[in-house]
Amino acid sequence: MTQTLLSINNLYKSHAAPNHNSAWWNLRKTSYISAINGLDISVKRGETLCVVGESGCGKSTLARLVMGLEKPDAGTISYQGEIISGLSDKARMPYRRRMQMVFQDPYTALNPRHTVLHALVDPLLYHQPNLHRQHAVDQAMAQLLAVGIEPALAQRFPHQLSGGQRQRVNIARALMVEPEFIVADEPLSALDVSIQAQILNLLAQLQSQQQLTYLIFSHNLAAVEHMADRVAVMYDGQVCEIASREQLFSQPQHPYTKALLAASPQIYTPPNKHHRLVGDVPNRIPLRHVQHGCSLQDRCPQAFETCRHQTPQLTPLTAQHAVACHHTQPPVSQGNSHDSEH
Amino acid sequence: MNAAQYHGHHIWRRFRRQQLWLQLKANKVALISSVILLLLTVTALLAPWLSPFDPADLQQQNIMDAELPPAWHEQGDSRFLLGTDGLGRDILSSLMHGIRTSLWVGFWAVLLQLTLGTALGLCAGYFGGWMDRLVMRLADFQLTFSSLMLAILVLAITRAAMGAHDYHVWSPWLLILVLGLADWPQYARTLRASVLAEKHKDYVAAAQVLGYRSRHIMVMQILPNTLSPLLVIATLQVAHVILAEAALSFLGIGMPYGNPSLGGMMGSGFEYMLSGLWWIALIPGVALVLLLLSINLVADWLRDALDPKNIGQQQ
Amino acid sequence: MNNVVSVLSRLITSALIIILVAMVSYWVLGLISPAETHNLNLAQYLLQVASGDLGQSQFYHQANLQLVLQALPATFELVLITSLLVSLVVIPLGLFTAIAPQHKLARSIMAVSLMGISLPVFLTGSIMVYFFAVELNWLPTFGRGTTVPIGSWQSGLLTVSGWQHIMLPAATLSLALLPLFLRLLRAELLQVMQSNPVRLAQAMGITPWRIWLFYGLRNATLPMITMAGLQFGTLMAYTLVAESLFQWPGVGSLFMQAINRSDGPLVAAHLILVAIMFLSVSAIADLAYGLFNPHLAAWRNR
Amino acid sequence: MSLTLNPPTTLLSVRDLHVNFTSRWPQEPNIDVLRGVSFQLERGERLALVGESGAGKSLLATSIIQLFDTSARIRHGSVHFEGQDLTQLSSKQLRQVRGRRIGMVFQDPMTNLNPNLTLEQQLLQCILSHRNISRAEARLVALHKLRQVHIPAPETRMRQYPHQLSAGQLQRVTIAMALTLEPALIIADEPTSALDVTMQAEIISLLTHLCHNNGVALLLISHDLSLVAHASDRCLIMYAGQIVEQGHTKSLINDAQHPYTQGLIRALPQMSQPGQSLYQIPGQMPLAQELGNQCAFANRCEHAFAACWSQPPTRTVTLEREVSCHLVNPAPAPAPPAEPEL
């Protein structure tokens, strides 16, 4: 249980900002916006790590970086001790079978021109051209059954399926190559409330059957509390708190975590107004104007002088619990705050 | 379930074809215009056998037959159903050969445009970066300048440089080449936009995660989802090319003089019109409008029929 | 700072394009009139162009620049009257067909416009000539009529005969451009009228004319500017066809005459002037785009 | 029946509303998407409308002010608002009601505001369309409303374009816009689902407080029962184009009568122990064209019995609760044995 499967060290990634003036003579350079800002995280074999954060905090970018759909600017991602972040497409192939992804939007995650069966069988035949077709079809039908899709739906096109069915097909496709590690980017957010429970149960059931490791990105705290072993809270491209589920939900330390928990609607308890943040999620600013200090400083009601100058480091409180906040730790004396200098 | 059944895209193709047919039956205007287009195409293809005279054969021309009005006119001659032009040539025969020329130029130029535009648009959309910027800058530049203006400049200068006689040996090919090479931006822009939209959909990411190679994703996964708008543009462009060819021929820098083309017929008929002989210029004009209108109507219907919003409605 | 860079990069690109076009026009000059380039090498020609000397016409024995400048007022007035006609008709019709797309009248307008797209400019011109000049004998078919000098500008818009002469060419050109612009504007407006902001405006009970003006037309302005800029070449080509049909003494006719007479220097001069005109029009379109674009406006105020 | 009395405090009363979409294809029948919706709303009341996507919530909202696209049509039923039947009004009279008496707040403020007008211009368009006052006066009204929704530095903000503000601030602006003409009712269609979690609670509480303070009734539409649990007085549960249960929010949550409502609450992740499998409602919501003469929930209901398949349930009105279910109001023995047709 304690073996580290995936570890991410000091990861940075920025994206080009949209350029509004795109006439044919305009060859001006684009500006950049940072998405991942010095992030450290690790996933242990067999666990479910949920990463919680609001839209724009860099969750999707992180998911894409882990899956090798984008390349990081700096820092490393390693899988079972091997660095996989800089690999070429070819060198990455062995890891493609071991790591798979479930996407947020079940409506666009399936090619509209392929039937369910085609979507499942095609990857197998693409990689193993010698595989007997009947064998691949049998495998696909078995996988569909495992995720609760009736065989009659195998010949349907995605637009003939409901959202929940499509998400099941997505999960089935990811499982076709028998991976051990699944990254899921907001697997529930596009689904109806009554369907979310079905997918949550399916994910849990598959995990226990196939010994899967999950890295799940979500903003739905209720679902996270239900399925996570450990929870990391992300804000502005950094992890601001990471703890086991029990600790995070019972003793949150970071002001942002507290605010998130307070804001998450509970059916029987009225919302808590004490942990509100002030102001808004800041608009993304181009890299030129690098902000000093804690990225939450403008919204945090408890921000003090140190927060304006030093970036807090992720510091362990207990073995299971680490927080990046000046309130829970003494300020670092030799200002080694790493403002991005690239 | 067995392996032979799983090939989804065949079923899809059949389904789609059926859809198109149903929608065509429901739309009377589109049905009539596609029938007209079909008739015109067949006439054009069979022109050498169907036409009563051969416009290129000087033996069949008689200056005594010149400027005869259509047959239903009291001064008309029953041999010349639509009358004759200033040199005594049968307008009906010239017309059939002219439509043949128009469709021929339209077909080859559009094929050239489609190939060039698709290749450039696909690369620009999929690879992005400097390639995208360069292709799109060029496309905007070319689009602003317009293919007709470029064709006028290039063809006029070539004609001035070669002299009218030499020029007419090369002009049909030059016409296709210029119109074919100049009008790629429409395709490239549309394709790039749809490739960009498709590229950010999760199924492309899923294909990458499953280890498909870029080229395979580009051609097998993305391209099939972007073909509908290209088909519509190509149909519209056939009309556009035919119109451009007619305009150039009208100006005297398109099809050679002896080679019958609708624009050329109208150009030479214009002078007669000032003396009241309307049919020499107007009959080819009506034929041209009929051809263009039927193509445009078919394209208009195709745009609606291939719109994914409408396809989802009927399952 | 960014503005300066943008203007500079634009100027440099434009200069490069003009140099490139000048090189092409030197090559064209050599193709059409080899004698002209015999004792004039490329560098000399470029220097000559840079100093504003575009050579002399072989046929007219006059400076090319002067010839084109003399023909420019005719073309300009034709384009001006045409654009006025087109915008006067297109904006209300476009609005109407986008606001009430299901209305019978709107449907027939669109059907007519589809026919209009399939009508070549020279056919409409021919038909007009036949009816108004040959059959009815109301209007003249060629030339500009009497012109009145305003400074160095020969204007035909101040005399009755000038107006009579401009009517047919302007009407022909407008009829050719109308359906094109109508369809483009309508497609744009239709999209805007079904957008979320318009839905919110309707939900807030905003007066219909305010919705059409401030939500419909205002939101279609940017795409319309881009669209109009992109149609510049088509406009130029159509003008050329209309000019040669009505023997309108404009730049287009001059060019076609130069071609027919194999007047190399005049053709070469035309190329350079067309490039300059093209660049200035795209600069104007860009300026207008920037003026109406709140993204850029906000960025300027920062 | 209390509905027919129409007491003076009733603001909005929707009765047996049927809305259908005209099919593009002549051979297909038009199918009702709203199938007999009835409810009423008192002055100053906060009413929540909860349902999954496809249940017809948004269509109901737009049907009240008849702002749907041209293919939708009110087939039957009435919408009484302040004593007049909105379905009988001319488009000019309707415009007088829209904005002036009924304000709307839509889902995504980033796409709903006009990107090419400053906020001031947009607010002024709204005020000047309904009131005959000078621009300067209208401006004062707009400023006042922006202050009410806690926009910092409203004078500066007013001169800005939508893209210069964050999503949370823009949603405040749309709320201000809905309030400017002092309407009697505000319809908020998923006002927070495009916003971040930390913003969500704030916007909801702003909306409910402003409505309460100004005596404005609120129809709050959401897919999330937990979100509206503390923001509404009464609650309507919508399923497949019908209202299956309605009642006071507190009592409805504590004692749900309809199996669908029960399922919605039980399926929430916080209702079961972490790690345990969740209660799930099997299957998915039927499409409008699949519904025959049956209870729409019958195919997912674990209590369904013969009557559920043969006839649609009638509405049972008990004290402050209305439920449409055969379990609550057993149907009289079906006299003619209805053919099971689908």
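For clarity, chains are labelled A, B, C and D in written order, and residue numbers in each chain start from 1.
What we mean here is this: a contact is a pair of C-beta atoms (placed from the backbone, for glycine too) under 8 Å apart; a residue touches a chain by one contact, two chains touch by 3 or more.
If you're wondering where the values come from, they're calculated on a predicted model, not measured in any experiment.
The fewest steps needed to get from chain A to chain B, moving only between touching chains, is 1. Comparing chain pairs B-C and C-D, the larger number of C-beta contacts belongs to B-C.
Between chain B and chain C, the centres computed from C-alpha atoms are 25 Å apart. With centres set at the average Cα position, the gap from chain C to chain D is 52 Å. The distance from the centre of chain A to the centre of chain D, with each centre set as the mean of the Cα atoms, comes to 32 Å.
Within chain D, no positions touching two or more other chains are listed. Among the residues of chain C, those in touch with two or more other chains are 282, 295.
Counting partner chains per residue, chain A has residues 23, 25, 27 touching two or more of them. Listed in rising order, the residues of chain B touching chain A in the complex are 1-3, 5-9, 11-12, 133, 136-138, 140-141, 144, 201-203, 205-214, 216, 221, 224-225, 308, 312, 315. Contact residues on chain C toward chain B in their complex (touch as defined above): 28, 31-32, 114-115, 117-123, 126-127, 129-130, 133-134, 141, 229-234, 236-238, 240-241, 244-245, 255-256, 258-260, 262, 264, 267, 271, 274, 278, 282. Those residues of chain A that touch chain D in the complex are listed here as 54-56, 162-165, 192-198, 200-201, 204-205, 219, 221-223, 225-227, 245, 259-260, 262-268, 270-271, 273, 276-277, 280-283.
Within the complex, the chain D residues that touch chain A are 52-54, 166-169, 196-202, 205, 223-227, 229-230, 253, 263-265, 267-270, 272, 274-275, 277-282, 284-285.
Residues of chain C that touch chain D in their complex: 102, 194-197, 199-208, 210, 214-215, 218-219, 221-222, 292, 294-295, 297-298.
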